[in-house]
Amino acid sequence: MNGIQVASGDPIGIAVVGAGYWGPNLVRNFQTSVEFRQHWLCDLDVERAERVLGEHSTARATDDLARVLADEAVQAVAIATPAATHLEVAMAALRAGKHVLVEKPLAASSAQGRALVAEAADRGLSLMCDHTYCYTPAVLRIRDLLHNGELGELQYLDSVRINLGLVQRDIDVMWDLAPHDLSILDFVLPPGVAPVAVSAHGADRIGAGRACLAYLTVRLNTGAIAHLHVNWLSPVKVRKMLIGGSKRTLVWDDLNPGQRLSIFDRGVEVASSEELGDEQRREMLVSYRSGDMVAPALTEREALRTMVEEYARSIRTGTPALTDGRSGLRVLATLEAASRSLTEDGRFIEINDWSESLS
Amino acid sequence: MNGIQVASGDPIGIAVVGAGYWGPNLVRNFQTSVEFRQHWLCDLDVERAERVLGEHSTARATDDLARVLADEAVQAVAIATPAATHLEVAMAALRAGKHVLVEKPLAASSAQGRALVAEAADRGLSLMCDHTYCYTPAVLRIRDLLHNGELGELQYLDSVRINLGLVQRDIDVMWDLAPHDLSILDFVLPPGVAPVAVSAHGADRIGAGRACLAYLTVRLNTGAIAHLHVNWLSPVKVRKMLIGGSKRTLVWDDLNPGQRLSIFDRGVEVASSEELGDEQRREMLVSYRSGDMVAPALTEREALRTMVEEYARSIRTGTPALTDGRSGLRVLATLEAASRSLTEDGRFIEINDWSESLS
Amino acid sequence: MNGIQVASGDPIGIAVVGAGYWGPNLVRNFQTSVEFRQHWLCDLDVERAERVLGEHSTARATDDLARVLADEAVQAVAIATPAATHLEVAMAALRAGKHVLVEKPLAASSAQGRALVAEAADRGLSLMCDHTYCYTPAVLRIRDLLHNGELGELQYLDSVRINLGLVQRDIDVMWDLAPHDLSILDFVLPPGVAPVAVSAHGADRIGAGRACLAYLTVRLNTGAIAHLHVNWLSPVKVRKMLIGGSKRTLVWDDLNPGQRLSIFDRGVEVASSEELGDEQRREMLVSYRSGDMVAPALTEREALRTMVEEYARSIRTGTPALTDGRSGLRVLATLEAASRSLTEDGRFIEINDWSESLS
Amino acid sequence: MNGIQVASGDPIGIAVVGAGYWGPNLVRNFQTSVEFRQHWLCDLDVERAERVLGEHSTARATDDLARVLADEAVQAVAIATPAATHLEVAMAALRAGKHVLVEKPLAASSAQGRALVAEAADRGLSLMCDHTYCYTPAVLRIRDLLHNGELGELQYLDSVRINLGLVQRDIDVMWDLAPHDLSILDFVLPPGVAPVAVSAHGADRIGAGRACLAYLTVRLNTGAIAHLHVNWLSPVKVRKMLIGGSKRTLVWDDLNPGQRLSIFDRGVEVASSEELGDEQRREMLVSYRSGDMVAPALTEREALRTMVEEYARSIRTGTPALTDGRSGLRVLATLEAASRSLTEDGRFIEINDWSESLS
């Protein structure tokens, strides 16, 4: 990277753009972080921005984005505006030489996202996507367990995210809920393992004009599959993920605060033919492990706070954030492929991993 | 039907063929039923058959099927032999003019099953398939709720049947576990609603040579979908079905004896355009119901006992059993289509409903 | 009552005393209620009071209680100061002719509480205790079910409130946790049913110098018993109440947001001797009901908002609040009796219901 | 012990007395054990005894107890007759020089039990009580964890055993259900830790003439307490035990087959004064541990089979069984004390540990 240099001891000057639903959460976390000093909160509705800041803040409210971007004290921008505006705002910020954090989704399309990723790469700036869920203690632990081999090789991942949800006007259930699971999938997969194609089935049984429940089957380059069930029509709320590894299997139940993660030392193994003599080869040798289950203690920590620290780390070190623009791009590409599969009767659609071609 | 006549007051003479895993359960239930009088238990291993009968039984053990079928006191036969032998044994029994009950699956292929259904139809004999699960109090109640309209129109059905299962040598996880769910689906669907196509995705991640986990998406003629998750590799055991109706949604949790069924009066509705004026039509009108949940009391009753009574009813009235040969045939046809889909990358395969063409 | 008159259309002038842990919640609710207009927030730490109010509030911060009580625009006071100061602050407010809402516990002792209740009664002022839990949708429903007879006569109540809790420096686990359950018990009991004695067993197994787990058995005047288990040492968190009635039994699981209340139409009955002939009288006739379970839908509503509305209703109508001073006094009396039982080896101690003697 | 000698390689000759509810389970386990050879099944109803044995058994049915006791091939007797007959049958067997296993309760009173224990001791015979629950894999593990110190010192034990139970004609809920928990308590307590007194509260709210729910508080010699809740009136079934230790806390949920035991490395500690300097002593130092939870894998094994093996071990080695007569006596003594407490308003009653006084 060759972008803005930040002296290691100084806080990073930050401006937040967007004071709507998510912006105030960003403001709160940037203001309490020693890594950042917040200079601006920019929103077309200045009064709302003022209310969000409150009277004790040293940051200023404005509706003038150009002024914010012209401020040399601002080294980084955090964007929490509607998805349709991400390209314009983020591109302007990158061109002004600012590091950029964008609310998910990265952009309204993977083409737009690709432009942002390319621009940031050219300028050596950090482009980060706020996949907040990835920074929860549970998901960070899952990532560790898959990366350090404790679960063994990934065999399958099964995710269920269903409840009686708000039927959205502009997007289907897949675009509403699956980004959470796809960004988590992208986050926890060990190096070298990646989605290559996706098949989607959906149904709009209430006449909403868009899928209200959907199933995604994601094929990985290893042959493993990840399966997602997203549903707006379920009277029971479920947030569960089952991750089968060759060594251990993990269950993540996000609605069970007392036991969010359960790691089972149980499984099935088939002896491979190399290990067997001729006699044995004629029969399949299946063995079962039946060990303990461990529910690891997780520290209670706000995910957004960890995300903010990762943003600072990325800026200071000039290395990509864990959820950088490329990860945002991969999620978009998978969703676009899934949407196409939905219109082609569930045919597997290859995921165009644009992030690979950008270097 | 024009088959064997049974005087209404007399018990039906029955012979059981097969004294292996399931046969003894049938023997026990036929012996305690006032509807039947058991005359024979037939097995190639006569000693095993004798042990199963015990010393107090009035039934006789034999390894001579022809002798059993020649016995005029025998009006009905129950077959619990390996699937590969179903065609031969059942066909012989039908040709001897006996009513026939067959363990699931009905036969080794839908072609074989079709021959049996045709033969029974020609002879006016009752051909029944022992889909035991359908006769549990929970599934009988689900059938009632869907048939009498209390759940409204079926929107979706989502089934999960996973655990650390025995990896079978001859069949994959789909043929091992999905018959339960497919026979239940066939059983509970209201008249006029039927599966038309199926897509299947599977994975063999342990090198067993066959799928160890699989997802089936069944398309119904109404546009609704039924989705099945079957899995031999899960360290947690789950037996759950979620049935979304336009009026109510039902959750069946077979592992929760204290609350197997939960019926939620909660849901989402979109006002149809006919009901709306021009102004309103521009916006989608979504409304949410948030009513009570009822967990109905279920009588505790052995499913096999109810199944045996249904067999008697079918024989005495000359009307098809709830799980007649045609239902067994429909399950076979769906499994065959799913197997083909598995080899064609999840393409939707039409289900050949042979049962329709037989009349 | 003969206290302050509030014109029916006007908002009630309110002052909050105490800007610590709970005060800000009261401020927020009074400010958003159309029933109240907040004039003051009083705290020894004026700056803290100012921060709590924020810049847009029309209320003023002060550390001068006398000035607040002298303000004629103030008709009611809400006190959220430490328990030790309740007597002094509340008494001053009552003597200034203000209605009073007090954080629980009502006072530091039942003698102090009694003085407050007497003073309020003499002056015809509303004295209310903020037993917030009583105003949750779940507890309001439980009260309805017991008052309108749907559960039948109360047979027993069993409450478990345990978790890994903060060991308090000044009070034992009983005084920390049991007030919640005792105030709920007081709130839901139908008219005429009341605690008369209590036995308590406790243990301090970690050498904290006070009981860290305790069991209370409360004897009601009907012969029914209520039993409470409170515990700071449990690694699992449980908040459950089982309420057995002669018609139905209710389970309240406060940690299960999807099914907080479950009402079981199941139970045991013994035929009374009047209904039986001589022959039958020799045997006990026990019958079992095994009906449905209903989990009623509960509206999601902040308890504090309902509490604030009840305070307004009490003031405007001159009738006691549902959780008036007397109810606070009954909770104190039960706790004091329980503490004495703890020192007398679990002997049942009569509960001195002072509230009865106060006209 | 100086009783019957059994050559180490030979099976022990056994006779079962009682062919009712429990007897057949004993027969089945003795017949499949290589440690025993069953010679007799004795019941006043000889036909029933014959039916239980079946045709292939080499054991003989009889109604003549004297003949059984005179048979020199019989070295041990297992008694599964009604409690009221235990004294007579067991005493006769002991006097005939046979080892004795008795169904729980050991006898109808602790005085009777004491006589049996004394007789067996005098004759050097093994007297064992069939506390089957103690031989489940879960309880055996709990015993290990408490004995080897992994849980640390016992702080408290809280047991809940409630459901909609059969109201018994002759005994109250305490005598029906608490023996399970008291025998488990006796079994798992480490050496030197023992109950010394018990307080019981109960209620008969349905007019059954005996307590239908009861709470027992058992005081141990260490100051720790064990608390039991037994209840016939609960529509929900609960079988849970919470065991707090100074190092770890264990939860046993017997109705959760997938996770019967959960061991939490979480807790609270107070630094003792010796470890603290003067400054610190002024404040209580409380620290919290928040470690992992482990659910150990348990082998699936029939408890009765393990019990039968323990009986053989006790006979062959001449050492007391894990659940010997003394343990049965301690359970009886605690129940008798609890019954007396129930009639004395919950007063703590000392438990007369007769087993101590018997040499």
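Observations on the model:
We call the chains A, B, C and D, going by the order they appear; numbering starts again at 1 in every chain.
Here is the rule we go by: contacts are C-beta pairs under 8 Å (C-beta built on N, C-alpha and C of every residue); 3 or more make two chains touch, one makes a residue touch a chain.
To keep track of the chains, here are their UniProt names: A, B, C, D = Oxidoreductase.
Since the structure is predicted, the reported quantities are computational estimates derived from the model, not experimental observations.
Set against the Cα centre of subunit D (Oxidoreductase), the chain with the most distant centre is A. Interface comparison, B-D versus A-B: the higher count of C-beta contacts falls to A-B.
Separating the centre of subunit A (Oxidoreductase) from that of subunit B (Oxidoreductase), both taken as means of CA atoms, is a distance of 42 Å. Under the contact definition stated at the top, the residues of subunit C (Oxidoreductase) that touch 2 or more other chains are 236, 262, 266, 290, 293. For subunit A (Oxidoreductase) in complex with subunit C (Oxidoreductase), the touching residues are 51, 54-56, 236-237, 258.
The touching residues of subunit D (Oxidoreductase), when paired with subunit A (Oxidoreductase) in their complex, are 259, 262, 265-266, 290-297. By the touch criterion stated above, subunit A (Oxidoreductase) contacts subunit B (Oxidoreductase) in their complex at residues 155-156, 158, 164, 167, 169, 199, 201, 203, 205-209, 212-213, 215, 217, 223-225, 227, 229, 231-236, 242, 244, 246, 249, 251, 262, 264, 266-270, 272, 284, 286, 288, 290, 293, 345-348.
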